[in-house]
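Scroll down for the structure; my scribbles are underneath it.
For reference, chains read A, B, C and D in written order, and residue numbers begin at 1 within each chain.
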Amino acid sequence: MDYQKILFEIKEEIQPYLGLGKVANYIPALAGIDSKKFGMSVHTIDGKLFEVGDSKELFSIQSISKVFTLSMAMRLENNLLWKRVGREPSGSKFNSLVQLEHENGIPRNPLINAGAHVITDILTSNYENPKAEILNFIRQVSNDKSIDFDLEVAKSERETGNRNLAMAYFMKSFGNIHNQVRQTLDVYFHQCSIAMSCNQLSKAFMYLVNEGVDIHSNKEIITKKDSDRINALMLTCGMYDSVGDFAYKVGLPSKSGVGGGIVSIVPNKLSVAVWSPGLSASGNSLVGSKALEIFVSKTGIGIF
Amino acid sequence: MDYQKILFEIKEEIQPYLGLGKVANYIPALAGIDSKKFGMSVHTIDGKLFEVGDSKELFSIQSISKVFTLSMAMRLENNLLWKRVGREPSGSKFNSLVQLEHENGIPRNPLINAGAHVITDILTSNYENPKAEILNFIRQVSNDKSIDFDLEVAKSERETGNRNLAMAYFMKSFGNIHNQVRQTLDVYFHQCSIAMSCNQLSKAFMYLVNEGVDIHSNKEIITKKDSDRINALMLTCGMYDSVGDFAYKVGLPSKSGVGGGIVSIVPNKLSVAVWSPGLSASGNSLVGSKALEIFVSKTGIGIF
Amino acid sequence: MDYQKILFEIKEEIQPYLGLGKVANYIPALAGIDSKKFGMSVHTIDGKLFEVGDSKELFSIQSISKVFTLSMAMRLENNLLWKRVGREPSGSKFNSLVQLEHENGIPRNPLINAGAHVITDILTSNYENPKAEILNFIRQVSNDKSIDFDLEVAKSERETGNRNLAMAYFMKSFGNIHNQVRQTLDVYFHQCSIAMSCNQLSKAFMYLVNEGVDIHSNKEIITKKDSDRINALMLTCGMYDSVGDFAYKVGLPSKSGVGGGIVSIVPNKLSVAVWSPGLSASGNSLVGSKALEIFVSKTGIGIF
Amino acid sequence: MDYQKILFEIKEEIQPYLGLGKVANYIPALAGIDSKKFGMSVHTIDGKLFEVGDSKELFSIQSISKVFTLSMAMRLENNLLWKRVGREPSGSKFNSLVQLEHENGIPRNPLINAGAHVITDILTSNYENPKAEILNFIRQVSNDKSIDFDLEVAKSERETGNRNLAMAYFMKSFGNIHNQVRQTLDVYFHQCSIAMSCNQLSKAFMYLVNEGVDIHSNKEIITKKDSDRINALMLTCGMYDSVGDFAYKVGLPSKSGVGGGIVSIVPNKLSVAVWSPGLSASGNSLVGSKALEIFVSKTGIGIF
């Protein structure tokens, strides 16, 4: 399969869509980004990288970080964890509090905001320095020590994070946040602020392509079973309230972030990372979704 | 892979669970069934059948029929269809009306009751004799002319179907049921009443294993693209409000029915049908789910 | 107090608002009514009638009939009744099914549609000919044998009543409608179709002004305690989802109907009936509400 | 009317109910209170006070304070206020966040927690020292300088106030809290902690009996119109999610608090304050509600 050629073709075909969608503006530090940016990278299991467009440019990974923190938390508390967070699609907006009220502060899954707060809270309880541990994990799986927080974005999130504060205090009122809300949220805002490129992201997600094993060091990051499970969770819960539509059109385990990034997994084959900042109403990169749809269609690759 | 041996082992391992769960009692004709029944069949793409337990016994396929009617409707109106029904997990009980009210009578997906009514309504609009057409479709894909309605079950459903009547009239009030409610529901109650065995079901679902093509006649039932899409819908929406949990544990595109049946697909490999009437709180066969979990664990087969 | 003068002044002051609002068009037989109609009547406890505008013109009383049927049902089953219907404001649209699903088919109160279906179902269980009994009750309290059903409106409601069918079947699925849905709804559509004028309505509601006693015959229609209770229910639940706003502005126990009528009670003093067909978003007569606000302001009459 | 005799009789009749209900335990400082306490006071418009039981004992007024702060806010911003808070019964639990999400951060009314936060936020924006102003207002209307905050209760609320923090941050995320959340909540927790006796409360509410005018100084506290409006709001929104049931049984404008107090108004006649700490599921004093029901029944007093 000539992935490089396919990436070039995709870049051509998404031109008419560039600039569509709305750049996330609730975080001031993200609002200024050029909505016409587009990058895409494919990383195959045999270690090859194919890339096109702004594939080396750093952007805020935002909710994509939830997959990394979930992987970390599953290593620490695989059973206890699922008493504090569910495994079902939420069926509502990524920042909704309604479901939490009806279900006593237990979020539907770890890939929506509320669930991610619980995961981060678990890391905060387990680690002396959770921010450093998260960064180390990501640097390890991407084999890239240059990856870092964007402190300006982290600060910007903290200052406009009233909804996240509401969500965390709400769960704390049900006893489902164990640390101080401000402490847990400080970790959360930092993990969201991490800046990565498509190239780095496609590399970092290879352990989910490779049955839990780091392709660089050959070390087990998570078990094969947990790798399968995270892929299943990404497929059913990874794309906010468009999981069904995205599964229908693309059909790959994926996770998006409001920074405009999406990463998709083809188990035992490859990972794809795409970035374009304009978002759909559901909060997913509009051009990124389109690009993945074309990728699947051109390659015939899929899990179904 | 010695599927026959694995099926025997599964039958052993599920013994402690037999009889757990609650047999669907809202349909009088189903209430009397022995909750300790258990059957399982594996049908491989090369045409072999493996079976264990009550795998030849007929049971009511109920919601499993929704996959057949969806396949039929996608052949008829692939674009119009998605204006009348969504593609997202519902996030609520299979017979909930709440979401319909909030979303103007458009059901979340075609595999929950409300969505299936719309699909059946489409068939009712398109066919002179929709009941006969549905039966013909199922007889075709299972290559088995003996399959039929269970008229006692159909009558029983009609008599206790107040919730389905409510749902259909509610959607009609939004203009999303085009035929007479009693006419559409008559078709629906008949499709749910169809009696099949695990052997018949595993055979009937082979077109979704085989990229849309009938393994018996080699004729295209649906396109490969539609076959992928239906598998994606089954994975994200096929198990009522436990899709996420089921994807986490089993990870295969599946559809369950309150008769106690579940069918799972491993694309390009095999289909599995399992039956045991005791249901979990979500309405899925409890022992059936367990059996599929063991099957996946023992075979290592999966899509992730 | 010169009520006649006040009525003339009100008619002047509401001129700028005439024609605003939307005539109920979901019932074809109501859709053709001139939205500039306006009538108002005051009936005092000493038997005097004051009127202005189209006060003699018949209109469809619609939901105002719920107060009559509730009075009848309270005489029959004062304790059992409250096991089947609540006494709380609904907090949502008059025809919502959401609350019914969350609260197991028990409607919030007898003055919203769902609750009124239960009340009518009680009458249907208790009377050989419930339609005739309802008509007789209204003819008695208004001392007017000419009052009758509008059969064209009743037929029109039946034909477009999918939402009411949905609601009734939904409650029946919870066991809270005891008769055949079509039988109960037939009674309901007839009670809603009853045609009365402002003059007739203000007279008919005098038993709620006069502590439950008919001013014409001096016979007790309901006990004083029940009369107080119905007034309390009208104040907290009588104006669909604007009860609070209406209590804030007008502050009288009142019941509205989508035909454009509103009746208000000043206990031990008088009743006021007003009619103008243009409705607010909540389904209450827009000009009628305004007229009552002016009436309260000019007379200084109130219960607070 | 011999109110003293009636109060003695009520005290007898409520004996079997004493100790029923659950003392509010989510605020540690309230949890230790003897659930068998009972006090009741009647204050007539001609200045007489009748009392029985623990009528001089101080208790935490909690949500009863919302009537005082609403009165203060209506003097400051009578029109702007109603753009930030509604006037409808909530139809849900006093501390629900669901409605806020569906209605963009605008609380249903000023007498539930969310609405009271907005009112307190308005006072916080308008006053240099809002806590002192609230205390001054209450001291003025009760003509009693001894009334004060219970600082232990205020501290206790702050420490366990995660749900209130969630609610306030949630509204702030919609722009409906203008001050710092911690600043507004500090004022709120202090107003709730104010300790008063039945005697003091019945006296303090006389301005709502007396058309807005202080009976001690004859000064207008609020306009007659606003006094009527607050009474209307108390009737439709003052008793959490039992307003309808309470209106049905008692039928007086009332406000309850989780400290176990309830105050009711009979316009132009009298105010009644009752205290007993055991709460119903809705959060209203169980014995207090019963006592008011008996009071209304024995005196025949009412607004309907």
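The rule we apply is simple: contacts are C-beta pairs under 8 Å (C-beta built on N, C-alpha and C of every residue); 3 or more make two chains touch, one makes a residue touch a chain.
Please read these numbers as outputs of a predicted model, since none were measured by experiment.
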{"item": "Path length in the contact graph (chain B to chain D, fewest steps)", "value": "2"}
{"item": "Inter-chain centre distance, chain A versus chain D - centres from mean C-alpha coordinates, in Å", "value": "47"}
{"item": "Distance from chain B to chain A - Cα centre to Cα centre, in angstrom", "value": "32"}
{"item": "Junction residues of chain D, two or more chains touched", "value": "none"}
{"item": "Touch-based graph of the chains, sorted into line, ring, star, complete or other", "value": "ring"}
{"item": "Sites on chain B touched by chain A in the complex", "value": "86-92, 99, 108-109, 227-229, 231-233, 235-237, 241-245, 247-248, 251, 253, 267, 302-304"}
{"item": "Touch list for chain D against partner chain A, complex", "value": "96-98, 101-102, 162-163, 165-170, 172-173, 181"}
